[in-house]
Amino acid sequence: MDLFELFTFAVFFLTLVGIYGILALGLNVQWGMTGLFNIGIAGFFAIGAYTSAIMTTPASSGHVGGFGLPMPVGLVLGVLFSSFIALLVGLITLNLREDYLAIATIGIAEIIRLVLKNEEWLTNGVRGIAGIPRPFAGWFEDPTGVTNLLVVCLVIVMVYAALERGRQSPWGRVMRAIREREVAVMAAGKDIVRFRLESFVLGSAIMGLAGGLYAHFFGFVSPEAFDPMYTTFLIWVMLIAGGSGNNRGALLGALAIWTIWAGTEYLTNRFAPPEFLTRAATVRMLLVGLLLEVILLTRPAGLLPEAHFVARADDRRSTAPGTSDSGDGDD
Amino acid sequence: MFLEIVQLTVYGIVLGSVISLGAIGLSLLYGILRFAHFAHGDVMTVGAYLALAGVAGLGLPMWAAFGLAVAGGVALAILIDQALYRRLRRTAPVILLISSVGVALILRSLVQFIWGPDTQVYTQELQMPMRLLDIKLKSTQLQIVAGTVALVVVLHLFLTRTRMGKAMRAMADNPDLARVVGIDTERVVVWTWAIGAALAVAAGIFLGMDTRLQPTMGWHVLLPVFAATILGGIGKPYGAIVGGMVVGIASELSTMVFPPVYKPAVAFALMVAMLLVRPTGLFGAPR
Amino acid sequence: MSLLEMTGIRGGYGAGDDILKGIDLRVEAGEIVVVVGPNGAGKSTAMKAVFGMVNVREGRMIFDGMDIMRCRSDRLARLGISYVPQENNVFASMTVHENLEMGGFIRRDDFAGQLDRVYDIFPPLKEKRGARAGALSGGQRQMVAMGRALMLEPKLLLLDEPTAGLSPAFTDLIFEKIVEVNSAGVSILMVEQNAKQALGIAHRGYVLALGANRHEDTGANLLANREVADMFLGG
């Protein structure tokens, strides 16, 4: 491989790391800061991508389109639509138990997947939408894709900075308190739901942004690219591995896990016999799953642990009949 | 039109049987272990494929493969619990959730690795549906409903007549009081996994019999199973049966209006409606 | 040797602050011992400490000569301690009869005899034996809870506010039954809000305040004590 190819590959690799990093940052707002368990990441990712794709591609006989809006507008619309869906899901489930939110997010992701596959008038079904404009398309040629990388990096910097600011702010402090279930915050009752909703919507908005960037980076979207299990699961592993509650951890986790994922893909492509290749992805997924379990068993706080993340074991044992069990007493 | 409704209702009962069996197990696990076992669908998948191994690989008759699959599924579930979930029980409940999502993926990948991603069937023979009063029904579908009824009856007897069954109900009802009364909670947990897994395996096999086998079959039915569990009320196995039937019948009836691919969406809508109106489910205590 | 002896118990819930700041409690065989005190005094917490539901950081707990500090609940049940919590004290989805059966769960012998005896102590339960415990009135539920605890034929019965939320008629009934059970040989440690009536049937009583012992005396003396009366015996 010559230098040019190597450079292009590195750019490609880092751009994907960046996009997954943004997804992880979004999840970190929901999970790391507020303790919300979102298993529908792929859904919000897909909404952002498809919205931007539909809004920016030229007219096509297969599906709705032809708006030909510029990329930034597409991105913004993707973010807005993602936020809107998150708002709906949140309003329904956020004042209930955390596992209900998890189930609801699976449901939403599943429905989104079904819509993407079947509503051909909107999404062109399994054929996907092609011809999504790259950033700065038409301005200058970019064979290495380095402008993509620069855009993604810029977005990461902005999102990271905004989130860190948010964390130090009063809003961020309330979020942390909610996650650690301080009784005083509980007493505020209704307001907790509002904070959780804000966190959920914000996180989903960031995921939608990542989706939009993904669409413009690849130029093509199809339902397969947003297979919930791969996308959603990988992001969770990234966050857990890197250190939940921690924005730096989220980015580090994205880098680490994507390196393992892409690295194993490269190795199997290079060294495995061809008939094994189709099974290789399955094995790699299996290994990532095992990796997650190992991390949960041995070092659940991840690479860059957040101080209070691992819950105090005592809490679970000291609940007694007659005391109100925080969170799981409503049976 | 009336005939169509009846026909769809019949299909709904078949689907509902599968969903109910999954939901009972999930509800028991949820009620006793206090966690939403996201790998439950994939336990169904493993069960279905173990039976396939019995039928296609070992040439066993279906009933023997069924027994083999149940044994295998139960062993697997208990192993996973002892090796993994048990060590995570003391940590935050959400860690268990994440872990179960991981287990779901591991099981699915394992199945896909061993049997491949293509769809499979238990038997190549085409089944001609019988006709009873103008209603079509395949004999496998009848077997599924009959099998489900039998399993539910056995479960009922277990829960009401045996010591362990009552202990399970007590623990689902009030875990702290169950401990106070001296029930060995770890033993109850193992039994719960055994029963939950056995029912899930049965559900998976029935699903495979009614439709076909593919590695994501269990995951795709997880949403309706969760919906049924929530509809019936967590920790209420009888409620899960009602929930399962409601979801099954509603899903089938919805095909009169919506394309069949959206059946899971119907389940989701029912679940959302229940969460809005009465989150503890039809049989849960009103809050 | 006392039946139950707790000395210097210090602890709280989870990693939280100490609620109990060095409590001493003692129950002699055959006694009714009542623990009273204002809200937040740690009365219920002291009782829960016996059952391992509190993170005890210091102190000793001896029952029948055995150290029960880190005992699991099922072991305590086997030793002969029965506990009736204040809330959520029945298996609501199970029938009255099944609740009683649960009470005898760890018994390996035939406990039909004890079942009959419990039904004799609480005749209304016999009528309602097939009813779901959760559908009963507060007073009836309390009877189920106590009946369940008695199925073990315990040496020591712990009662956490047994008359909380009950009508005066039921309150009188419960206190009557407590005396009846005690006279059959069961020692009783009871936390009560209804201090006056409780001390009236008690052999001895403790007054706790702010997690520590304030008074300890016979029931009669505590009732006559001016300071105790002022504190909260108004009702």
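A, B and C are the chain letters, set down in written order, and residue numbers restart from 1 in every chain.
FYI, contacts are C-beta pairs under 8 Å (C-beta built on N, C-alpha and C of every residue); 3 or more make two chains touch, one makes a residue touch a chain.
The structure displayed is predicted, hence computed values, not measured ones.
Student: Would you mind telling me which chain pair, A-B or B-C, is linked by more contacting C-beta pairs?
Tutor: Pair with the higher count of C-beta contacts: A-B.
Student: Taking each chain's centre as the mean of its C-alpha atoms, which one lies nearest the mean of all protein C-alpha atoms here?
Tutor: Most central by this criterion: B.
Student: Average the CA atoms of each chain to get its centre, and name the chain whose centre is farthest from that of subunit C.
Tutor: That would be chain A.
Student: Let me have the rounded angstrom distance from the C-alpha centre of subunit A over to the C-alpha centre of subunit C, please.
Tutor: Their C-alpha centroids are separated by 52 Å.
Student: With chain centres taken as the means of their Cα atoms, state the distance from subunit A to subunit B in Å.
Tutor: Inter-chain centre distance comes to 29 Å.
Student: Return the distance between the CA-based centres of subunit B and subunit C, expressed in whole Å.
Tutor: 42
Student: Going by the touch rule set out above, which residues of subunit A reach two or more other chains?
Tutor: Subunit A, residues with two or more chain partners: 319-321.
Student: Please set out, as single numbers or ranges, the residues of subunit B touching at least two other chains.
Tutor: Where subunit B meets two or more other chains at a single residue, that happens at 173-174, 176-177, 180, 285.
Student: Could you pull out the residues of subunit C that touch at least 2 other chains?
Tutor: Touching at least two other chains: 51, 53, 85, 88-89.
Student: Please output the residues of subunit A touching subunit B within their complex, sorted ascending.
Tutor: Subunit A reaches subunit B through residues 35, 37, 39, 92-93, 96, 98-100, 102-104, 106-108, 110-111, 114, 117-118, 229, 233, 236-237, 240, 278-279, 282-283, 285-286, 288-290, 292-293, 296-297, 300, 310-311, 313, 316-317, 319-321, 327-328, 330-331.
Student: Could you please specify the touching residues of subunit B with respect to subunit C in the complex?
Tutor: 163, 166-167, 169-170, 173-174, 176-184, 236, 285
Student: How about subunit B: which of its residues touch subunit A in the complex?
Tutor: 31, 34-36, 38, 84, 87-95, 97-99, 101-103, 105-106, 108-110, 112-113, 116-117, 172-174, 176-177, 180, 219-220, 222-223, 226-227, 230, 234-235, 259, 261-262, 264-265, 268, 271-272, 275-276, 279-280, 284-285, 287
Student: Which part of subunit C faces subunit B closely enough to touch in the complex?
Tutor: Within the complex, subunit C contacts subunit B at residues 51, 53, 73-74, 76-78, 83, 85, 88-94, 98, 101-103, 105-106, 134, 148, 152.
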